[in-house]
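In what follows, chain A forms one complex with chain B and a second complex with chain C.
Now for the complex of A and B:
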């Protein structure tokens, strides 16, 4: 049987108050491939981890403009070019009447962009992940807070990293294997 | 320090949002536990009654498809009968859900976390009920695809200048966005359900819906941003949807319909009826599932205040309609409104005024706002009143510009069975929701607990103070 590789270390914390300084410390050590796993978005934890702003807004903006453009083009093309029908003597290009559908399609595309863009950036769905092999990890969705540091991080050293996490107040540390 | 604090006072009473100072685990347990138990006899009774009514709906629709719209009471001139009344009624109900989840989110009203899941579910089910009516009322149901811009062999396209077509886009967009918003909010809670599941099948199903959520802060950052943007998008959307619904009426030439007050008046009415429906559903559900500490009197009272505000707006709109009819000097307008109050549908008009204008005024009194029984009863009156509002508006058709074509509208058995059946559909979906999906947003509620603030000393400050603290910190450090 092939030797299983170490995925990384998983450290458990008891509270939002204890994981916050721990994240600041891991950030200051210079780790890159690490993460925090929390039951709810702890306020300001992204800054404590040194994370940049999300890219989701750009996707939403782009998709919203695309949807509105498509909507307006569809209306113009069908009502003016492809199927011009005189209705109540109104001009074929009655652009004020095209506003509601343009707006709705802009909104529809923007929200699809928000959700599926977020899924894309977060790589969802990912049903198999080494962390799921940990017995304790499931508590992240209940009342525990975790920090995971991956073995592929250049600063990762099993003994030293373990020591660091212990010093930061982890109540339990375990080694997680690749699947 | 002998000052007596009113714990529900919005200014002085900084009571925690969630009562009883629970731990994170207590919240998980309180919400997830009822879903995992299976011996709710009350649930089965409710579910089976609803499912039977759903059967009534299916039979009614089946007969409608077989026989045609002649089975309804529609006639000339009342070509729009209960189908449009029910459609507008259900769409309106939905609006409170979006208001709670989106608008209150943008205004940082953190009390919404206890009720938003619930209200969003209500929105989705109500919009499903609403979507049925335009789908079935067209008569030739096999060409219902004419409503959509589908390329076809006749080279024919829908008329984009028609408010009825705007409605198709508005309501279907509204449904899609509400569903996405609801589902995104559910992902962390599905993960909670997955991680708690004992049975393999259960775990698998929840795992599929949780999309492999690992509570990663890197994912939360994008998640929160996407959620906030959805809220920002849904806010103008919810206002646009009922405005577009009102255009169905306002863009026509009929006296009583052709007015500019319709969009805001419809939106206010929609929020009014929706909040009433949230109360009607939440009051029994929080009792049955023992969630009174999470959905507490403060939440109910806040909803009562929204009902008071929007109900008064609706009352103002009723008065303003009369004023404008008189002020316009248009005899057809004037006749329509006098006829509304004193004509053959006067009885419906006064039911509407009693339920929608008088009922909410009781909520000026603190005692009544905080009495759960009173809230429940009055919320049902509002639901009834708002159905009658749409009925009264639609019945403007019965006395149009040409007196020789006037006629009275009488609903038939099938009109009534379709309306009753739509409640069956709504409650069937709602009971399934209560049974399988966390009815309170677990992760969001945890986020408003005092101990969720990473800089608080455990439990020493209330949720809102903690929030103020963290806001100060953001201002200080960017």
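Now for the complex of A and C:
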């Protein structure tokens, strides 16, 4: 059996007030592969963690434009190329009549882009994660606040990182193994 | 978030223009400019005054949007107990309080301009059965009564809301906010009915054969979009004058910008729905209205309207970064102001030649510009007069802490 590798360190905090400066400190140290786990949205935590603006809007814009283009192409192809039918004496290429389909497909693709883009960026669904092997981690959905720093981060050094988290006020630190 | 330690409520000193401030000297010159603008428009427009009245009506409907948009904004603020807008409410109220003046400025149209503007129903041809049948509504007497009711209600609501707000400055009694909130839903209904009547009477009846059941909503969409644009521009001006420098932040501009963007989309949706249904059904008396805007040079204005009222602002104002930066937001707001003016021009002016020749020919008169400056001068004179007469935020506004230090997440 291969030896188990360390996934990273999991530090437990008691309050939103204490995790906020801790996140700022971890951010300022320059860590890249780390995360915060909190039971409710802590406003401003994204800034404390140094997270950039969300990429979801770009996905939504791209998908919206794609949907609108597809909708218009579909109408044009069916009504002008493939099966031209005279309707109420109007020209085959009656673009105003194509707009509702164009609009609806644009909206549909944009909203699907928003939902599944968010899923993709969050890597959902992930059925299991090494952090769940920690006994204490379940409290992240109750009353505890966690910071996890992954071993693959180039700045990760088990001893030093542990010391840093201790200094930042973690009430409990544990090593989490890869599975 | 109200828990930010550095955010503090604006004090009366931080929110009041100094005695000698240049903005406080504006009302008189603006009023002079206004009267001069209207007088010059009258003189330059020609002897039969038709051009003058069309210019005047275009400028009037354009500026009426400032007062009506503000009235709606203030009503929504009270009715929904909005938090974020507490800091900008007084400035909106200063625009709203131009409504009594706009009521007065509408009276000349009703009392003197009907013959020139609405010939098809003021002097209908006896065999024009479609107009004759509509004369129960479209006659000078009911036109006057309808306008007196609309203008009276605008005046009453704006004065009541403004005075209530000034009482909050003095006493801070929370019961005042409750009372204003009690009236807000009645205000929505009143607003919806009166703006529809105003749009139908002043603009739709220019071509009495034509009708669109969504026309009131169409005017409302442009109105509120225009108001969001001038609200953001006024807040920028006030901050430039040194007031509320720390209080009004990118967050507030983003929210105003969001509403502006939303109403760009709303207007476009309504405008296109109106067009598409009429185009699709292809009923002669309905399609003619659009046919007159696709001939004689007006087709270019139609195209310009679609670009400046929809395509350009839709993509420009989409990003949050654009709305949060003052320079780009100001650019967007100016674009929307221009778009709304083109919209009014596009609705009203093609009917002028149409009444005479049966066809539309594009034309721009000096009086078009002068009337916009004239009525605008008077409306802005009232705005700056009220701006200097009271703090630019409501003191003792009960929801001020929700607006100060507010953030978008």
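Convention: the second predicted complex is superposed on the first by the 177 of 179 C-alpha atoms of A that agree within 3 Å, B and C clash if a C-alpha of one lies under 4 Å from a C-alpha of the other, contacts with A are read in each partner's own complex, and residues count from 1 in each chain.
What we mean here is this: contacts are C-beta pairs under 8 Å (C-beta built on N, C-alpha and C of every residue); 3 or more make two chains touch, one makes a residue touch a chain.
Predicted model, so just to flag it, every value in this text is computed and none were measured.
Undergrad: Have a look at where A:119 lands relative to chain B and chain C in the superposition and call it first, second, both or neither.
TA: The answer is first: A:119 touches chain B but not chain C.
Undergrad: When the two structures are overlaid on chain A, which partner does A:97 contact: first (chain B), second (chain C), both, or neither?
TA: Once the two structures are laid over each other on A, A:97 reaches both partners.
Undergrad: For A:16, is the partner it touches chain B (first), chain C (second), both, or none of the two (neither)?
TA: first
Undergrad: So, A:62: does it touch chain B (first), chain C (second), both, or neither?
TA: Neither partner.
Undergrad: So in the superposed three-chain picture, is A:169 touching just chain B, just chain C, both, or none of them (first/second/both/neither)?
TA: Neither partner.
Undergrad: After superposition on the shared chain, which partner residues are touched by A:140: those of chain B (first), chain C (second), both, or neither?
TA: first
Undergrad: Touch test for A:43: chain B only (first), chain C only (second), both, or neither?
TA: both
Undergrad: Once the shared chain is lined up, is A:111 touching chain B (first), chain C (second), both, or neither of them?
TA: first
Undergrad: On chain A, which stretch or stretches are contacted by chain B in one complex as well as by chain C in the other?
TA: 41, 43-44, 57, 97, 100
Undergrad: Could you pull out which chain A residues touch chain C in their complex?
TA: 41, 43-44, 57, 61, 88, 96-97, 99-100
Undergrad: Would you pull the chain C residues touching chain A in the complex into a rising list?
TA: Result: residues 1, 272, 275-276, 279-280, 282, 318-320, 407, 409 of chain C touch chain A.
Undergrad: Which residues, counting only chain A, touch chain B once they are in their complex?
TA: Against chain B, the touching part of chain A is residues 15-17, 19-20, 23, 35-49, 51, 53-57, 60, 64, 74-75, 78-79, 82-83, 85, 87, 90, 94, 97-98, 100-101, 103-105, 107-108, 110-112, 114-115, 117-119, 121-122, 124-129, 131-132, 137-143, 146.
Undergrad: Quick check on the complex: what are the chain B residues that touch chain A?
TA: Interface residues on chain B, with respect to chain A: 23-25, 28, 149, 155-161, 163, 165-166, 169-170, 173, 176-177, 180-181, 183-184, 187-188, 191-192, 194-196, 207-208, 211-226, 229-230, 233-234, 236-237, 240, 244, 247, 443-444, 446-447, 451-458, 470, 473-474, 477.
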